[in-house]
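Okay, got some structures for you below.
Both complexes shown next keep subunit A, but they swap its partner, so subunit B is in the first and subunit C is in the second.
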Partner chain A sequence: MSDRMLLATFEHEEDLLDAVEVVRKKGCKIIDAYTPYAVHGLDRALGLRPSRLTWVCFVCGMTGALGMLWFEYWVGALAWAVDVGGKPWNSLPSNVPVAFETAVLFAGFGSVFALLGVSRLFPGKQVLPVLERVTDDRFVLLLDETDAQFDVSTIKAMLSPFNLVALEERVVSGGELQ
Partner chain B sequence: MAPAPLSSSNASRKLALLAVISAIALAVGAVVAPERTWSNLLIVGFYLVTLGLGGALFMALAYISNASWNVGFRRIPEAMAVLLAPAGLGLLTVLAWRREHYGWHWHGEGDAGTFWFKELWATPSFWMLRAVVYVVVWVLFARAFVGLSRRQDKTGGVGLSIMSKRLAAIFLVVYAVTFSLASFDWLSLLEPMWFSTIWGVYHFAGMLQASLAVIIVLAIFLRNRGPLRGFFTDEHLHDLGKMLLGFSCFWMYIWFSQYMLIWYTNMPEETSYYITRTQGPWGPLMVVNLVLNWIAPFFILLPKPSKRSESVMMKVAWVVLVGRWVDLYLMVFPSTIGKTPVFGIWELAGVGLLIGAFGWLFFRSFAKAPQVPSGDPLLGESLHYHC
Partner chain C sequence: MAETEQQQPEPAATEASELLRPTLITGGKTPADVTRDICAPMEGRPTALWWGALSISLTALLAGVVAVTYQIAMGIGTWGLNRTVGWAFDITNFVFWVGIGHAGTLISAVLFLFRQKWRTSVNRSAEAMTLFAVVCAGLFPVIHMGRPWLAFWMAPYPNTRGSLWINFKSPLLWDVFAISTYLLISAVFWYIGLIPDLATIRDRSKPGWRKSLAGIFSLGWVGSARTWHRYETVYMLLAGLATPLVFSVHTIVSMDFATAIIPGWHTTIFPPYFVAGAIFSGLAMVLTLMIIARKVMQLENYITVLHIETMCKLMLSMGCIVGLAYGTEFFIAAFSGNPYEQFVFLNRAAGPFSWAYWTMVSCNVMIPQLLWFRPLRRNIAFVFLISIVVNIGMWFERFVIIVTSLHRDFLPSSWADYTPTIIEITTLIGSFGLFFSCFLLFCRFLPTIAMAEVKGVLKNPRRAAKQDSSKGDAA
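Coming up: the complex of A and B.
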């Protein structure tokens, strides 16, 4: 992470969306955008690639379902075959409900823990909000300022049509901004 | 806004022609092969009625949940609901033609051993009376929904939306009871000795799944042909895809719930239904049914890009619609035709009548109103919808 950054604050999500578009067109590097809630279309405006979490979810779910089907077969037909209600030892219909539940369980836990892991969130983690009000009613755009050509006044002129509330320079040493 | 010209009159004429040719073929069939013709007509009638009812149900669900996303293409379910009157009339005629198929006498199983209430319930006159009541009640509700929405085009305002919402609440309760009984009366009673208490839910799942598939097909068609261009966006398509995916899973869930309990309990009066349909020549069709209605839609619609792709959604919707026909075929034909699956000229004519009559009636009623409900206060929200 860079040391010098520029923090632009907006009051409305529409302004943030428009600002992101303009800034990206100018070729400035955006570190991240912070909003009080999920803003529709922001991921596309920022040019983020589609989330890979869905694949984690799918693979976990399939692992749960197939793993449990195999386990039920091993238990019910190979390791300790028990006659239940005169049914055949390897009865698929009786295995489906548990396989389904396991698929849901694995998919759910897998997605949640993958998300927490990728975002490096864990209990007791210290969070340094980029701006207190970003959890309430402000929208923040964080720009990288390490580029030699970076000029704050140009940026300010560029962003002022979007009801810019504040423009602030930050220097972060060693820490991580959330 | 002025309605864009519906340039589908040519398609409409072709569909009407298809319906007429199929109807003539089936009229011949009524003399040559009455049993198979009747079975096909029952499928066609039930399919059409559930699509009409599905349109009304889709609107009612949207009204009661205060949904705005569907407003831009609401004229599609509305035009489907208009279909309910002619389709209902057709189905009632089909039912009246062979009402002796229902109940225990036809099967020669005698009165002995049948639950007394079921015997009373299957009395032909009472059975027919109920059928008429169901259809009339549904038609009245469907007309009320469509009438309120079209009135709003002229008056605007939120008052009529609130009225629709109240009506939706009443309709959903009435629908749940009447449709459960109707599906039981018209399809399950073909095997009077058989019991399944989840039958109504199973039909709710199948009906909504097929109705969503039809809405998807029509919305894509109408967007490409003009009337819904700019009103039906990829966001709407994405949401319809999510609903189709969800209700395909729901259908599978209910199908399995019915099958597993019967398989597990293993009581002869319950297993008879599945023994015919899973063993012997009907067995492979049962697998096809599951593939078309769940396996294919589930794995294809799971990734996000496929739900936003017009061509993928169109194909999956058609797969589901074929699956719906196979599902109904598997309910009716083993009971009425017997040992082996048949597919020939009469089934083809049935499918022709289904597509022709639906398409022709749909485009006729769609052309009667502006292509979007311009008076609905939620229209703007629907057009800017982002999912």
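Coming up: the complex of A and C.
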């Protein structure tokens, strides 16, 4: 599969935000935007839904907490019950600290690995040289050109009020630009 | 005094907005400037100062390695401990380093949740400091075991001894879980924050080892808005997790003492008291390191007087909480009517270790009160001095809590003195060597300031341009 894409480069986050708004109003398909830092409000401008990673965090955290509570109970009261200072074998309060730490550990690692998985970030992943300045100070908007009504000159006219730095057409095979 | 920097007063309109929202990064930096300035120390050749500092740190580390090897070979009888004082230098150092490690997470997580944007200039190095401090802290209990090769016995694994499982009801075991979780979560938090900056390094480096390594560890980051969106979510989650974690860690450290029945340890005030003390000492160490780093690495526009002043205010408030805790301890001892409790506290203030007690009180409570004065908070040389004083005071706090509570116990015939041996002192010096070696290497090879975060809090360039033109001196 090969896709034609249009890369519009801007110098300021405000330009990118304004451009995104105009382009979306026109009904063009935005594939993605690339920014050097997390631009406040860009997610809303692009219409991104709230991330569901919070659920991953919750589920992992609960797994850690409940799993560890059960394990501590099994170790302390079932597998080899040891009397410690006369406390009950299944003393819940003394099981809380370790269960809490495990919950945090699982929730933290779970969300991070889910983030890396969902965003397809992995060691050795190749990046396109065209996006090099994004990690420095450039803001790039990536538009889908496959729509039959797509006209580069109209888009150019539409984006030029926003201090457009560069406009470039690209043919990308394999779906993803990166 | 020469270093007291004052932001030049701007015209009236700007001044009002300055009061509402002071400029965090001075010098009118653009995102490209940020990249260049922060990457500059990594790309140039290391200075003679850096080599000098690294050689001193490595020498200290080497001395520590020799001392630790010796004490493991000979046994911990090489320490000055005796039957009465069974915990002293080693556990003091452990609690000291764990405490230092608390400021990083405070700055990166707690201040993130409170939307304190000034944190962006210091969070990276504070997190790095946390990691190294926790590593130093973790070494001490392992050394303390005497047979460190059996450290894995603390893990809950099925074993050939029964299986006789570990004791989940022991605060010492909670500590193992708390410290290792804290180390892992801090490391992940730090690394996640580093990914966008590693991508910046990858993209601006010439082909070579730096580019390849940055390429591997930046995981193919390109700054996609979708990824940023998820990234921000996960960052918030990690901050939300790390905040209770940081409080739990020192709470659990305090329970190592509070669950014992030793007078002076057996108090319910310990968890908040320890947490405040930890944050206090951590902020002092952050200030010590930041004041050196901003000067040596020319980051004065990024770590401004405003940052230092804000940290001083935080440190002062923590110091007051610590002071309150010292007072409360004495009050409760008097109020309890328990003669042992009363004796321990009188012995602290007037016994053989009263010099340590009064060092602690003057360094942690009295001298930091000077920070109420604004000109002193903005005097960098003075703040540096105070931060060192607090570091010393907080080390003594742990020493006082541990040694003075133990050395005169219930039975006067078993009262004993304690003097650290050269081995113990060298081990402490070695831990400083490890800490500073790691920190210097970090400053050399990784961005000390979170570039992607600082770029986000720069003054809005368009608004700034408008203001400039209204003043008639458009750039």
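One rule holds for everything that comes next: the second predicted complex is superposed on the first by the 171 of 178 C-alpha atoms of A that agree within 3 Å, B and C clash if a C-alpha of one lies under 4 Å from a C-alpha of the other, contacts with A are read in each partner's own complex, and residues count from 1 in each chain.
We take it that contacts are C-beta pairs under 8 Å (C-beta built on N, C-alpha and C of every residue); 3 or more make two chains touch, one makes a residue touch a chain.
This is a predicted model, so every value here is computed, not measured.
Visitor: Label the relationship between subunit B and subunit C on subunit A in the superposed model as either fit or clash.
Guide: clash
Visitor: For A:Y37 in the superposed arrangement: first (subunit B), second (subunit C), both or neither?
Guide: In the superposition, A:Y37 contacts subunit C only.
Visitor: Counting only touches as set out at the top, which of subunit B and subunit C does A:G47 meet: first, second, both, neither?
Guide: Neither subunit B nor subunit C is touched by A:G47.
Visitor: Contact-wise, after the overlay, does A:G27 reach subunit B, subunit C, both or neither (first, second, both, neither)?
Guide: Neither: A:G27 stays clear of subunit B and subunit C.
Visitor: Touch check for A:Q126: first (subunit B), second (subunit C), both, or neither?
Guide: The answer is second: A:Q126 touches subunit C but not subunit B.
Visitor: According to the stated criteria, A:V104 is in contact with first (subunit B), second (subunit C), both, or neither; which is it?
Guide: In the superposition, A:V104 touches subunit C alone.
Visitor: First (subunit B), second (subunit C), both or neither: which does A:D136 touch?
Guide: Only subunit C; A:D136 stays clear of subunit B.
Visitor: Who wins on subunit A residues touched, subunit B or subunit C?
Guide: C
Visitor: After overlaying the two complexes on chain A, where does the subunit B footprint on subunit A coincide with the subunit C footprint?
Guide: Shared contact residues on subunit A: 40, 50, 54, 85, 87, 94, 97.
Visitor: In their shared complex, at which residues does subunit A touch subunit B?
Guide: Per the touch definition, subunit A meets subunit B at residues 40-41, 50, 54, 58, 85-87, 93-94, 96-97.
Visitor: So in the complex, the part of subunit A that touches subunit C is made up of which residues?
Guide: 12, 14, 32-40, 42-43, 46, 48, 50-51, 53-54, 57, 61, 71-72, 75-76, 79-80, 82, 84-85, 87, 91, 94-95, 97-98, 100-102, 104-105, 107-109, 111-112, 114-116, 118-128, 131-137, 178
Visitor: What residues of subunit C sit close enough to touch subunit A in their complex?
Guide: Per the touch definition, subunit C meets subunit A at residues 30-32, 35, 156, 162-171, 173-174, 177-178, 181, 184-185, 188-189, 192, 195-196, 199-200, 202-204, 215-217, 219-234, 237-238, 241-242, 244-245, 248, 252, 255, 452-453, 455-456, 460-462.
Visitor: Of all residues in subunit B, which touch subunit A in the complex?
Guide: 256, 259-260, 263-264, 266, 302-304, 386
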